[in-house]
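Take a look at this one; I'll ask things after.
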Amino acid sequence: MEVVGSSVAFEDVGSIVAFWSLAVVTVGAALMVVAVRNLIHAVLFLILSFIGVAGLYITLSADFVAITQILIYAGAISVLILFAVLLTPRAARDNAETFLQVPGLVLAALVGVTIGAIVLVTDWNEATRGPFSETAVAIGEALLDKYVLPFEIASVILLAAMVGAIVLVRED
Amino acid sequence: MIFLAEWWDVRDLGNAVGALLEWLGDHGPDWLPYIVSAVVGSITIVVFLLTSLLVFAWVERRLIGRIQARMGPNRVGPWGAFQSVADAIKFVTKEAITSANADRWVFWLAPILVVVPALVVFAVIPFNEGMILADLNVGVLFLVAVGSVTAIPIFMAGWSSNNKFSLMGAMREVAMLISYEIPLVLALLGVVIFTNTMRMNGIVGWQDEHNTWLVFLQPLAVLIYFICGAVEINRTPTDIAEAESEIVAGYHTEYSGIKFGMFWLAEYFAGFAIAAIIATLYLGGWTLWGLEEWVPGWMIFLVKLYGLFWFFIWMRGTLPRLRIDQLMAFAWKVLLPLGLINIFFAGLEVLLWQENDLPAEAVLPGFAIANLVLAVVLIAAWAQLLGRGRPQYRPTRARLVKELGAVIYGEEA
Amino acid sequence: MTMKSEPFVVNVGPQHPSTHGVFRLRFTLDGERIVDAEMIMGYLHRSMEKLAEGRTYIQNIPFTDRLDYLSAMSNNLAYCMAVEKLMGIEVPERGQFLRVIMAEFQRIANHAMAIGSFAMECGVWFTPMMWMFRDREKILDLFEMTCGARLTTNYVRIGGVSFDIPPEFMPAATALVKELPERIAEYESLLLENEIIVVRSRDVGVLPPELAIAASTSGPVLRGSGVMWDIRKADPYAAYDRLDFDIPVGTRGDCYDRFIVRMEELRQSVRILEQALAMLPEGPASVEVPLALRPPVGEAYARIEAPKGELGFYLVSDGSPHPQRFHIRSPSFINLTPLRDMVLGLTIPDAIVTLGSIDIVLGEVDR
């Protein structure tokens, strides 16, 4: 596990351009998810924001996490969401149709204020250590060494979900 | 490996590009080499793929014609060689009809997006030591990730056609794709267990260093990967989306003209990608036991790639088509358990090797033979276990009778 | 936990690559399974039976070519046998043997097409069809040598055949019959043991023998269900009683059994042809029949074992040169009757495979 580079500030042009364009894509797509009328279009914008987040991981040199983000989010979870949307009876309904508009606005405002306060009040440190160069090896060793119990519990949860899915759709 | 790192060394075109980038880096701003290298790499990949497509569209039709005891196209140009050009002109000039109620943006975007994964996969495939666009540390995982994104444009195509049959076809297609991703990953894991790295050039280097090809060490994995790859690119025996006799007509029914041409293009590019991946990971990539010092590595690689693509063409001309539920049963009940058992044994072998620090020359032939025997035994045993040996599945002949009048229903043939 | 679902209607045809012609099927699906199948035919109805009442008996022979347009010789044969029965004409020996030879060649040609298109339904995309068409082409060349036409042959006539065979027919026919067995062995090795075809067609589209007999099916459909019945042995016509052959019968009544029955019938046809070509007697090929044919008042029904099943012609004559009633008992039409019961509970690809295994030709279904 090597550490590459000592300076981690985003100083060069490439990093700045990459970060800001990816940030615009991600946040813009996320805004469009809640702004478009068609539910399927909302899901497609969600997929775009997933890919934007993967790009942001790459700017942080976390290559394994970025590829896994694409594999799981853009590859599998988006398929899950699309199937779920299409199998519900009223998939063609308007995204904006809800009778909980006022409570939704209140809740969104509260969450926004909380997050804004955290961002402004926290004392953010800059990382002093550079990025790893072999992240896959590091993650693998950590998963099987320090974090083996959460790893195994996650596997058991996934197994329970799969068995539950099969039981639900079995025709008896 | 004696690679003279001079720009005129045609055996590794990466040298020429590297020299150009160095010159640019000295004489220009810092970010210019990155952009130029990305542009040069992308254009090369696209040009290579399009040329291969033009050639192989013709080759496939001639080869399938020969398999079917007929000639294949032979009118347009000598031996019909310009048939692909004629096909391309046909695709471009046909009217691209968009249904009135189709979702215009998604309908228009789906054929474009479906080509993207097939193109992007080539970024991590090494044509030679220096001829790789992005030598990622997680190259193998990148292949899997990009392959899994293919499901989304297919779904977009099916949904935006505003045709319930296209939607059903797209959902079936997506179910098939995600079912076959899991054995695909397991097959690739077998390679990574042996080579201890996910870098594509690293895997080729491991095969060169140990003087062996991973196909000998992992026969079951290469078989599983080949089958999963064929399914991912919708080739017969699994081209359910394009089958005429499947009435649910498939996700690209409503597409015509160049939009349909893009789907066809994506299928071929993905076919080249799968062949390239098998050539790199299992067949040693651009190395050929030392021959790469005289013959350019990329030529060796291309020969392997096209040779593997020939297998796809052969399968298309020969095999019938499976039903969708039989196909998914095959993935979940056969390929997934076999893949799991394969990586278990691969891990066991690597553990024995590393723990006891045995020399490679002694151990690897033993592993090769053991794995081959394991593959044959596993496939036979699994088929027996699933009941394939039962009389219901055995082929029979008709009974010959001379008298008339009786009924022999229900008896064993 | 039950999911709410509603039935879903899927329309197959009339224009569709797998319906063997203009044939329309309406399936009502529950999920993936078929719960109801409705057959809508008549797209190729040319009112042949009515048109025939305005023409003389000899002018009706070309009509019969166009019924099952893939096996014209058999159609001609059945009709001519009906007229000969009506008039009491005896066909000479050479004519009978020539009829047998042409009928068996036609059976091989027809089954080449039927097996090829069945394999295509299973998804093989042309290869077996192209291979079997090589033999079909050779047979059609023989037909062209004899009567000038490949498809609508108009060869078997009332009282015999239209032309005696030319001298180059015998060597060509014997050479073809000699090389057919190894061709058939090649097809069997590629198709019969192909696991995907076995898996696609075993236990698909099962026709129990009681239903087969009740629906009066015939031909490979009936024999595939295990019923031993062949008109060439039950009601022999045209020199079949002097030839030695077996009848292939299936045991399970599924698509695979119909398929292997057809493959085996290829071999038996080759066997019949070897014997018939060797036993071909000398002599006249046909008797003279007046052009203005006036059969006596009466009715006649003649049937043959056409490649698709029992093809029968029912003629009623009132003494005039035109038939009063000209009815065609077409095997494809009758064999289609139990289709609904065969496809209930299957998925659509299976239903298409079942339809392919019945081997229909719309010219015969709609007449």
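As written, the chains take the letters A, B and C, and residue 1 is the first residue of each chain.
Rule of thumb we're sticking to: contacts are C-beta pairs under 8 Å (C-beta built on N, C-alpha and C of every residue); 3 or more make two chains touch, one makes a residue touch a chain.
Every value quoted in this text rests on a predicted model; they were computed, and no experiment measured them.
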(message) Shortest hop count from chain A to chain B along touching chains?
(response) 1
(message) Going by average Cα coordinates, which chain is farthest removed from chain A?
(response) C
(request) Find the most central chain, measuring centrality by the gap between its CA centroid and the centroid of all protein CA atoms shown. (result) B
(message) With centres defined as the mean C-alpha position, give me the chain A-chain B separation in Å.
(response) 29
(message) Suppose each chain is reduced to the average of its Cα coordinates; what separation in Å results between chain A and chain C?
(response) 63
(request) Mind checking the centre-to-centre distance between chain B and chain C? Centres are C-alpha means, answer in whole Å. (result) 44
(message) Quick check on chain A: which residues sit in contact with 2+ other chains?
(response) none
(message) Residues touching two or more other chains, restricted to chain B: which are they?
(response) none
(message) Touching residues of chain B toward chain C in the complex: what are they?
(response) 67-70, 165, 236-237, 243-248, 316-326, 392-413
(request) Could you please specify the touching residues of chain B with respect to chain A in the complex? (result) 30-31, 34, 103, 105-106, 136-138, 141-142, 144-146, 148-149, 151-152, 155-156, 159, 167, 171, 174, 178, 181, 198
(message) Looking at the complex, which residues from chain A come into contact with chain B?
(response) 12-14, 38, 40-41, 44, 47, 63-64, 67-68, 70-71, 74-76, 78-79, 82-83, 86, 133-136
(request) Within their complex, state which residues of chain C touch chain B. (result) 10, 12, 16-18, 32, 119-127, 130-131, 134, 192-200, 202-203, 208-209, 223, 225-230, 233-234, 246-253, 257, 260-261, 263-264, 268, 347-350, 352-353
